[in-house]
Structure formats: structure tokens, C-alpha cells
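Chain IDs A, B, C and D follow the sequence of writing; residue 1 opens each chain.
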Amino acid sequence: MNSADFFHMGGYGLYVWGSYGVALAVLALNVALAHQHQRRVLRTITRSARRDRSCA
Amino acid sequence: MWVWLHKFGSPKYFYNVSGKILPWVGGATVLLILVGLYLGLFASPADYQQRDSVRIMYIHVPSAWNSMFIYLVMAAAAAIGLIWNIKIADIAAAVSAPIGASFTFITLVTGSLWGKPMWGTWWEWDARLTSELILLFLYLGYIALQSAFEDRRTAARASAVLAIVGAVNVPIIYYSVQWWNTLHQPQSLGVGMSTIHASMLLPLLLMALGFKLLYVTLLLMRTRTEVLERERNSAWVQELAQALSGKSSSDQVRSSNEQR
Amino acid sequence: MSNGGAMPPSLEAVDIECERGERILFSGLSLSLRPGNLMLIEGPNGSGKTSLLRILCGLAQPSSGVVRWRGTDITQTRDQFRAELIYLGHNHGVKGDLTPYENLSIARDLACARQDITLDEALDAVGLAGFEDVPARTLSAGQRRRVALARLLVTEVRLWVLDEPFTALDTRGVTLVERMLAGHLAQGGMAAVSTHHPVAVAEVDIVRLELS
Amino acid sequence: MSEAPGLFTALGVLIRRDLLLALRRRAQILNPLVFFVIVVTLFPLGLGPEPNLLQKLAPGVLWVAALLSAMLSLEAMFHSDFEDGSLEQLLLAPQPVFITVIAKVLTHWLLSGLPLLLLAPLLALWLHLSPDAIVVLLASLALGTPVLSLIGAIGVALTVGLRRGGVLLSLLVLPLYIPVLIMGAGAVDAAASGLAAGAHLSILGALLLLSLSLAPWAAGAALRISVE
């Protein structure tokens, strides 16, 4: 199965790659948002900790 | 079970335990999905009728299973939070809703993309697709109610009641849509196979397990962050923050998320 | 009438904690109330007086701690506890479309009614003579507060939970409430009252609770 | 010390109270019914007066219109009581909470479900529905509208504390109405095409029994949460 008709998918390339693409996009978005939310919270609590430490 | 429920319910214990589990679950998820994709896209045969469009099944069916599975887990977590007043369960329920909605959305899109070559139309009022659509409404209703309250505790308890009522209604909706579908339409070729060829079953199950672990990974990540945010002025979070801010800030950011 | 320490206190709260949004209003607060006691709850605005009263009568759930009535947790004996309790909150619970007479008769029919007083006598006692059959929405705030107070006269209840009962009342109204309180306590009743005004109630053991 | 009144007397008192309140504001009862009539008359205007087209769509149109107008009048169930504090008093009444919920639901049904039932045959004639289909329509509405009130009570109890709860209420409640709509419209559709509608009506009866047992508990819990 060479790469040409791999992407061709027997004529259904649009539908197969369309659905894999949508799934990948939505799941990647979920993971990215979760990760970014985690980083934002970690940054705020460490910043407030550093602020307390500096003035403590 | 009772002691475990309360111990696991304490945010600090949960944060530490989930911190250890997360890398393993994350790793297993990536491994399962990669193997599943490889088998699904390369190693398994095309269907004699649908030829290659059947490969959409490896995404469509696992996310359909996930959308239902996550709703039930969400309703169970909400019930635990409502009855035994455990904060972690409330957070887990609140966090699961967007993930479940995403999987339901994926199911709908891949279902219509799979339906186009087979039925010639982008949307087919097929029983399974229609109940997925209603499930999406249930998720959106839950998320809307969750965000309508200012006070988090009231939001958690009110949406818990909705989740429980919704969970009771999911089977009823499913069977009434099934009934409605058979009444108005001759039994059309449902999306998905009655007899699945053995070589297709393996990638399907791998992908299904991979998706479930993906949900668990996302759930743990989101819940941990939410716990940190809600417990930020409690002692253990202050300690954690001190420890983290003690290191130089650059490697602190790298070390804190290397486990993902 | 009050039988001292032998019996468990009728109403007892054990280290209850109340959270409002992110703030902890109070925690580890314990109190107990015996027949004949009057508890005055004072404190600046926003110190959680109303939340405490709502927790005591089971309208709100404390984030931790337990409230007991006659020794059993109120979440277990819901109906029995509520049959012996009246709560008068900020909004008085009087229907504007109904007349005071109708409001009072509904309140009495739902609770344990006292037989020795008629509705008209009760309305007269709270100074609403002549207003019995006027839609309540046409009454002033003070008068509507009096309709709510009339419920205290027509029902036989051991525990009164009053949230700032003196608001919108004129001086005669304040003395009316003080007289009603004294009568209730004399018959072995109990009351938890949050207020800013000093309450002049003779020879009654007052328990003061200060919320910082 | 006199005993608190029994469950049924309390139910009677509460129903009399709500009917009295509703009669003081008669207009509010008529609005949903006028809405029902208007929505049904919109369809011939939109789809054209052609009889057998209307007849084919009649079951669905009648049931969707009934469902929407039942939902329109849900808001009034707890809202005014929440505003003036009498909802708290009802929750503190000696009777269990589900008595209050059942009384409210019964009143809501008497003031919205029942009038829909009486109006439906007239509108069915406008849509050229056959007489025996109208009989089944009445049966399905008789079984279905209480379910709409019961499930609606849960939604209203959840959103009574919110300022703009109206739109959210429809988002919460409509998905749960779908089984009732399918069974109700299906029954009338079966009768219109000469088939037996017994199966649909029995399922509607089952839905009624299920929501009679589930809704009072859920709405009671939701009320206790919203009042907190």
C-alpha cells in the first residue's frame, strides 16, 4: 500500500482523514487547554508564594 | 471502601496519588492509541462493501462508547459528591462534562462523515446518531447549569441533581429514539457493523481502551489543577508553592509538568 | 418549666463551619439552647448571622459540624424538627395577592395550630385590626412584617428563629415583639434572634453570641 | 400540643392556596393557552392550507405546541414564592418536601395541562385530524401533560434561584421531554393512519409512573439546594 493510495483511501480520503483530523483537533484542544490551565494555576500559586516569601 | 473513599477524598492525598499515577496513565494512553491507529490504518483490511471508509469506525465507535461512559461516570461522581459531600467528586463531575461533550461532538462529526459515503447525506436521522445528538444537549444543559451559579458548592449540588435525573433518562431517550426510528424508517444499514471481522476487532478495542485512558488522563490533569486552584490558601498548597518557587523559576515550570 | 441539664439541650450545634464563596464566615462554633432560653446573635453586617440562623433551622447546610434537635441530627428527623420550629427571615413570606387573613389561615393550617386564639384576634393583637381583608401588597413593609409575626401567635411551636425581627417596625411594634418573646419564653419556648437593637426582656436567661 | 396536619390535608391546603393565588392573576393562566392556539395556527400559514399535508403533520404540530406552552407556564410554579420568601416557609413546613412539589405540580397541571386538553380537539379539527385520532390525541395528552409538569418541576426547581433562568430552563427540560414527545406524537400518528396506538399510550403511562416516583424527590432536593 504505497503512500499515494494510502492518502487516497480508495476514494474516501476526504471522509477518513476528515474524521481523523476533527478527532485529533478536538482531543488536542482538550489536552492543550488542560495543560495550559495547569501551568497558569501553578504560576499564580508560585508567584504568590514568592511574594509571601519575599515580604515574610 | 468507606475509609478509602474518605482518604481519597482529601485533596492533598488525591493530589499526591494522582501525581504518581498520571505519567503511567498518560504513557499507556499514547501507546494504546498509536498501536490502535497503526493496526487500524495500515494492518487491517478494508471492508468488502465500504472499502476504506470503514476505518472511520476506529474513531467513531470508541468516542461513542466514551461519550456514554463519561456521562455515567459524571453522574456517579456527582451523586457521590452530593450524598457524601466530597469535594473531589464534585470537581471530577464538573471537569468531566466538557471532555464528554468533546467526545460526543467527535462522534457526531465522524458519524456524519461516515454516513456521507454510505447514505449520500451529511445527516441521517439514524437512531444512534440522534441519541448522540440528544446526549450532547444533556451535556450542554449540565455545563450551562454548572456555570449559571456563582457559588461553586450550590453549582455542584444543583448540577448533581440534573446529572442523576439525566442518567435515569439516558436509557429512556435511547430506547424511545430507537422505537421512533424503527417506526418511521425501514431498518436502514446502521452506522457500524453487525459482524466485525476479527482483524478489525483488535484495533477497535485498542482504540476504545486508549480513549478511555485518555479520558482518565484528562480527568486527572483537570481535577488536579482545579484542586490546586480551590485549595490555594490551604496549608499544603502553600507548602507546595514554596517548594516550587524555591527552585529557579525556569526549571520549576519544566519539572512540574515533565510528568505529562 | 425548664428542667435544667438532665435532658440533652433541645437545640444543639457542634463546631459548625459556614463557608460563603471562598470566605469562611465562622468555624468551630458550638451552641446549645434549652427551654426558656433566649439566644441573641449580634455582629457586624456580613459576619454570618443570617447564615447561622439558616443553618440552625436546616435551610442551609454547614460545610462541617452537626445540628441536633432533642439529641438527633436534624437531617434525620426532618419532619418532626420542622413541626416545632418557625423561621422568620428577611423576606417575610407573605403573599401579596392574598389578604392577611388568608395568609394567616394558610400558615396555621400547615402547622400545629393553637386552638385558643382565632385569626382575627391574632391579627388584632399584632395591630392589623381593619386590614384583615385588604390585599397584602397594599400594606406597608411594617404591616407585612406584622402579618408574619401574627403566625407566631396562631401556631404552637417550641423554637422561634427570628432574623432581625425589628426591621421596619415602629416603636410600638418593637414592644409588641418583646412582649411576644417574653410570653413564649415563659411557657418554656426557645428563641434564637439576630438583632442590632437591645432586647428588653425581663428575668429571662439570655445567651449572647458574638460573631466577629 | 396539637398534631401537625396529615399529608392529604396539607396537600389540600397547598392546592387551594395555589389555585386561589392563580385565580387572583387570571391573565397569567390564559397566556400559555393563547400561545398554544397561536403556535398551532402558524403552521397552516407557513405550510399552506392543503388538507392532507396538514393532516399528516397534525400529530407532531399539536404535540410540539402543547409541549412548548406547558414549558412556558413552568416559570410561575416556584418563582413568585421564591421572590417573597414563602418558598422557604413551604420547605420548613412539617410536611415532607415532596408534598409541596406534588401540590405545585398538580396545580400547574390543572391550570395548564388540563386547558390544553380541552383546547386540543378544536385545534385538531383545524388541522383536519380524523375523529378517532382526536380521541387518541386526548388520551396521549391526558397521560403526557402531567409528565411535562413533573419533569418541568425539576428544571424550575434547579433554576428558580437564578435571575435569567428562563432560557436555561428550556435547555435543561427539552431534552428530557423528547421521550414524551416521541410517544405522544407517535400515538396520534398511529391512530391517524389507522394503526393501534395502545403500545404508545402504555409507554406514556409508564413514563408517567416513573416521573411520578422520581420527580418529587429530585425537585425537592433541587428546591432545598436553590433556597440555600
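Simple rule for what comes next: a contact is a pair of C-beta atoms (placed from the backbone, for glycine too) under 8 Å apart; a residue touches a chain by one contact, two chains touch by 3 or more.
Keep in mind the model is a prediction, meaning the values are calculated, not measured.
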Query raised in the report: Max contacts between which two chains?
Result: A-B
Query - Between chain B and chain C, centroid-to-centroid distance (C-alpha), Å - result: 48
Report summary line: CA centroids of chain A and chain C: separation to the nearest Å works out as 56
Query - chain A and chain B, separation of their C-alpha mean positions in angstrom - result: 15
Requested in this report: Between chain B and chain D, tell me the centre distance in angstrom, where each centre is the average of that chain's C-alpha atoms.
Outcome: 34
Query raised in the report: Listing for chain D: what residues touch at least two other chains?
Result: 228
Requested in this report: Sort out which chains touch which and give me every pair.
Outcome: A-B, B-C, B-D, C-D
Query - Touch list for chain B against partner chain A, complex - result: 42, 46, 51-53, 55-56, 59-60, 63, 98-99, 102, 105-106, 109-110, 113-114, 116-117, 214, 218, 221-222, 224-225, 228-229, 232, 237-238, 240-242, 244-245, 249, 252-253, 256-257, 260
Query raised in the report: What residues of chain C sit close enough to touch chain D in their complex?
Result: 54, 57-61, 78-80, 82-83, 85-87, 89-98, 102, 106-107, 109-115, 156
Report summary line: Interface with chain B, chain D side, in the complex: residues 154, 158-159, 161-162, 165, 168, 171-172, 174-176, 178-179, 182-183, 186, 203, 207, 210, 214, 218, 221-222, 225-226, 228
**Report entry** Parts of chain D lying in touch with chain C, wherever the complex brings them together
**Finding:** 1-5, 9-10, 13-14, 17, 20-21, 24-25, 80, 83-86, 88-89, 91-96, 227-228
Requested in this report: Flag every residue of chain B that touches chain C in the complex, lowest number first.
Outcome: 150-153, 233
